[in-house]
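Note that subunit A is present in both complexes that follow, paired respectively with subunit B and with subunit C.
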Partner chain A sequence: MEQLAKRNQWVCAIHPLVKLFLTVFYIVLAVSFSKYQLAGLLCMLVYPLFVFQLAELSFFGALKRLRIVLPLVCLVGIFNPFFDREIVMWAGPVGISGGVLSMLTLMLKAVFTVLASYLLIATTAMEELCHALSLLHVPKIFIVELMLIYRYLTVLLKEAGRVTDAYRLRAPGQKGIAFKAWGPLLGQLLLRSYDRAEGIYQSMCLRGFKGQFYSARKGGFRRADFVYLLAFTTVLSVLRFLPVAEIVGRLVL
Partner chain B sequence: MSEKEIEVRHLTFQYEQNDAVLQDVSFQAESGEAIGLIGANGAGKSTLLKLLVGLQLQFEGSILIKGLSMEKGNLERIRADIGYVFQDSDSQLFMTTVSEDVAFAPANYGLPPEEVGRRVQAALERVHIAHLKEKSIYKLSGGEKKLVSIATILSMTPDIILMDEPSAALDPRNRRNLIEVVNELDPLKIIASHDLDFIRDTCGRVILLDSGVLVKDGPAERILTDRALLEEHGLELPLSLQSAGRDS
Partner chain C sequence: MHMADALVSPGVAGVMFACSGIAAGYSIYKVRLEQDQKKIPLMGIMGAFVFAAQMINFTIPGTGSSGHICGGMMLSAVLGPYAGFLTMIGVLLIQGLFFADGGLLALGCNVWNMAFYGCFVGALLIWRPMMRKGATKGRITLASVLGCVLTLQMGAFSVCVETFISGISELPFGAFLAAMQPIHLAIGLVEGLVTAAVLCFLSEARPEVLWGVNHEGEKEGRLSFKNTLIVLAVAAALTGGILALFASAYPDGLEWSMEKVAGTAELEAAGGVYESAAKIQETAAFLPDYALKGSESPIGTSISGIVGALLVVALCVACCFAFRFFRRKELQ
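The block that comes next holds the complex of A and B.
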């Protein structure tokens, strides 16, 4: 993900504060649709699709990366059809209940939120994001905490990889990890990650770290940043506050 | 004229309620020296290095780095002069790319971006890895990681370099390359290692530790050729000398 964010690509070069603002703005607008406004909400797909194109990111690559998260977020509202059975619209001869509609709306909101967050991370390095947060005067302790968690996450994953490799090599033919081995394995993983994280923190302190990550970004806002911000704020506001789906529907019909 | 960079007097250290890891250790080190710190496992080599950069402060005795006493209030000034190369490069390198990691220290010391860029380039060229500048840390080989680790501290332009087992897990070619790089470095170097051949190739002076006690401090050639002394303290002659003995 970091390599994606550090490509020599113009969306990646947009000021992180602009991208952070647009992501939050998009999520707020998307979740503000009422539970039956499926058509209006569908129009919000424009933003992720556009950004995928502009940033030259693979949509299917994103789906592949999010393959664990997306099914989980799709569970949101899965029981709605059982509680709200009143037919609220017809798709030809098929009646669609309020429960189905609200379930689809909730699922879309969750998927859009995940996609917007993915796009932010895929186009903005973590140091840049932290730089944007510091410009917003978010307390330093939170920013450092975020940065360290991000760094240690990699450490944890690496250690987890080593531990599971070592297990598999000594448990041939076994599917997965045996239940009784989970305890010691997790314990080892935590202890090792703790040691490694401590080493990293010591290395940072020995190289002058005083709780501030420095961003390589030079200069402030550029014209392109303002244009990007203005364009997307306008488009998103139009999609949210005008009945775009109805207008398009009338034009088509 | 060489000047005193490190002065350790009657240093004793123990981890909480455990036995002393270092007992009454005293030595001095001057600029430009290359000192090998040798000893069997658990002799206290790594602990001594950690004490010299202030990673542990609850010790008895005194440590002076360039005349500054090792205490909390002086840590920032002391650490700005010392580069510490960790045994495990994965603990040393944590940024995304090589250039970012090498830039970490100078950026933290508040240098302007142009100077940071110059330092990064100079440090990478010094260890002959300028071509790796934009490479991802996760894609480096073991030997490359070690050289990048050294570059991360060279960008601080330290007066003292401490290395903990620098040749561990390196193949012969990378090890030879590392010896050349280390020999080209001017600052005072203290290298803790089990690899006595590496110490012989890089250091002019050797300090021998055994169970936390400084047993011998003297010219590398004299200590590393003293089979009886080395064997008495759990070590063996460097392999190069063993094979030379067999050949003759």
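The block that comes next holds the complex of A and C.
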């Protein structure tokens, strides 16, 4: 993700605040469609399609992120066709019930919102995102903490991996960590992390840390940022507030 | 228990953002009061530790399966409720953005469901009063198991309420609740046992690391263990009352579908709470529905609409391909 976000690419160079605003705006608009407004919601695919293309990202590569979200959403939506059986639409001779429609809408919303979040982090580095948050006056304590979590995430994940590997070598064929080892194993990892935090704090103090990190980003908003913001805000608003799908459909049918 | 963006309406998400924001603001104020610069790096590293701990699978005795922890209660027992709460927000934000577990819009809900209950209720109402007389293995285990079970139950209940008010699922509230609460009872129990094992280890290896533990000679606090039990009993009675209210208003899934098949209008009779919820949904709806004049369907979706939407998407795909074609040509 970090490598993707730090590419020399013009979407990555767009101001992080613009991308953050557009992402939230898009998610709010997408989830604001009512449960039967499948046609309107389908049109919202325009944003991820275009941004994937503009940012030169793989659309299908991002779809694997859905493996976490979709099962839960499916679990919630799968019951809709059983409880809402009223036919609300006819596709020729086939009647489509409200439950089927609301289930499809729910799943599409899940896909679109996950794709929008992916587009944000695949084009915006964590420091940039934190810079955007600081422009929104999010307290410094939280921003510093967020950056540290992100920075040490991989370090501690590797350490946890080493600990579990060592355990597996001593207990071959065992699924997970045995009950007796729960406390010492995780407790040792916690204490090591605690001591690491102490060392990190001392190193930060030696480098002049006074409660906040400073962003290296220079310059404010450029013309390209305004154009990008205006273009997508307009397109998304039109797709949300005007019945574009209905108009195009009537012209064709 | 992470809620996805698709599971909440903008109105519910906004309200939950406001509630979580107030709790976060208060936590920042309390952490600043401590004036402990060392705490900020500690919060960051402990947040990363939660991710690492979630990677480790623990064997659940007698089942042959395994699970992992959420870590809210454990964080609070080390960092305290305020710093723990802020750390959990960071963890949930990164989970939502980088792991697609949760989401930006549902962040307020997730913070409330997992961090608020775990840190504020678990640490302030359960952990601290129980540790007033010092930490023993029994007290730590009881506080951990009780804290994790209770806070996960509250979180699961909130998930049901938020989804129900958002109007996302057709599943009756009672049936949804009946599915969510028992699962989270089991999860809470396992999480409580893992938390207890770790905190017992810490109390033996490095007791000064634990937050809120009364060391010898310290003055006992205002809220005694007995008073805590009374508070918890009242909270349980209130929660039970609310649950009973919903349970009596809505039949379970099986009854509901039976009535649907039999053709009775039982569901309409339980309209009081439903109508109120519908009114809340109506007023909280961020954007109203739309429909063309003379549209074939009053719900705003028709076959012509869907055909139109598919055409718009196809047009976009064609534009993207054309864009890519010309760019490649330009590069060559």
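Everything that follows uses one rule, which is that the second predicted complex is superposed on the first by the 190 of 253 C-alpha atoms of A that agree within 3 Å, B and C clash if a C-alpha of one lies under 4 Å from a C-alpha of the other, contacts with A are read in each partner's own complex, and residues count from 1 in each chain.
Please note the rule applied: a residue touches a chain if its C-beta (ideal position, glycine included) is under 8 Å from a C-beta of that chain, and two chains touch if they have at least 3 such contacts.
Bear in mind that the values here come from a model prediction, so they are computed numbers and not experimental data.
Engineer: Applying the touch criterion given at the start, work out whether A:Arg151 contacts subunit B, subunit C, both or neither, answering first, second, both or neither.
Structural biologist: In the superposition, A:Arg151 contacts both subunit B and subunit C.
Engineer: Would you check which partner chain A:Leu206 touches, where first means subunit B only, second means subunit C only, and both and neither mean what they say?
Structural biologist: In the superposition, A:Leu206 contacts subunit B only.
Engineer: First (subunit B), second (subunit C), both or neither: which does A:Ile87 touch?
Structural biologist: In the superposition, A:Ile87 touches no partner, neither subunit B nor subunit C.
Engineer: With both complexes overlaid on chain A, does A:Ala125 touch subunit B (first), subunit C (second), both or neither?
Structural biologist: first
Engineer: I'd like to know which partner A:Arg196 touches here: subunit B for first, subunit C for second, both or neither.
Structural biologist: A:Arg196: touches subunit B and subunit C.
Engineer: Identify the partner contact of A:Leu106: answer first if only subunit B is touched, second if only subunit C is, both if each is, neither if none is.
Structural biologist: second
Engineer: Determine, under the contact definition given at the top, whether A:Leu230 touches first (subunit B), second (subunit C), both, or neither.
Structural biologist: Touch status of A:Leu230: no partner.
Engineer: Please determine whether it is subunit B or subunit C that touches the greater number of subunit A residues.
Structural biologist: Partner touching more subunit A residues in the overlay: C.
Engineer: Subunit A residues touched by both subunit B and subunit C?
Structural biologist: Residues common to the subunit A contacts of subunit C and of subunit B are 151, 196, 200, 204-205, 209, listed in rising order.
Engineer: State the interface residues of subunit B toward subunit A in the complex, per the touch definition above.
Structural biologist: Counting only subunit B, the residues touching subunit A are 53, 55, 76, 79-80, 82, 84, 86, 88, 90-92, 94, 96-97, 100, 103-105, 107-109, 113, 136, 152-153, 156.
Engineer: Which of the residues in subunit A end up touching subunit B in this complex?
Structural biologist: Touch residues, subunit A against subunit B: 2-3, 6, 125, 151, 158, 196, 199-200, 202-210, 212, 214, 216, 218.
Engineer: Over in the complex, which subunit A residues touch subunit C? Could you list them?
Structural biologist: 1, 23-24, 27-29, 31-32, 34-43, 45-46, 49-50, 52-53, 65-66, 68-69, 72-73, 76-77, 79-80, 82-85, 88-91, 98-99, 101-102, 106-107, 109-110, 113-114, 117-118, 120-121, 129, 139, 141-142, 144-153, 155-157, 159-161, 163-164, 174-179, 182-191, 193-194, 196-198, 200-201, 204-205, 209, 211, 240-253
Engineer: Note which residues of subunit C are touching subunit A in the complex, please.
Structural biologist: 2, 4-10, 13, 24, 28, 31-32, 37-38, 40-49, 51-53, 55-61, 64, 66, 74, 78, 86-87, 89-91, 93-94, 96-101, 103-105, 163, 167-172, 193-194, 197-198, 200-202, 205-206, 209, 253, 256-257, 260, 285-287, 289-292, 295, 297, 299-313, 316-317, 319-320, 323-324
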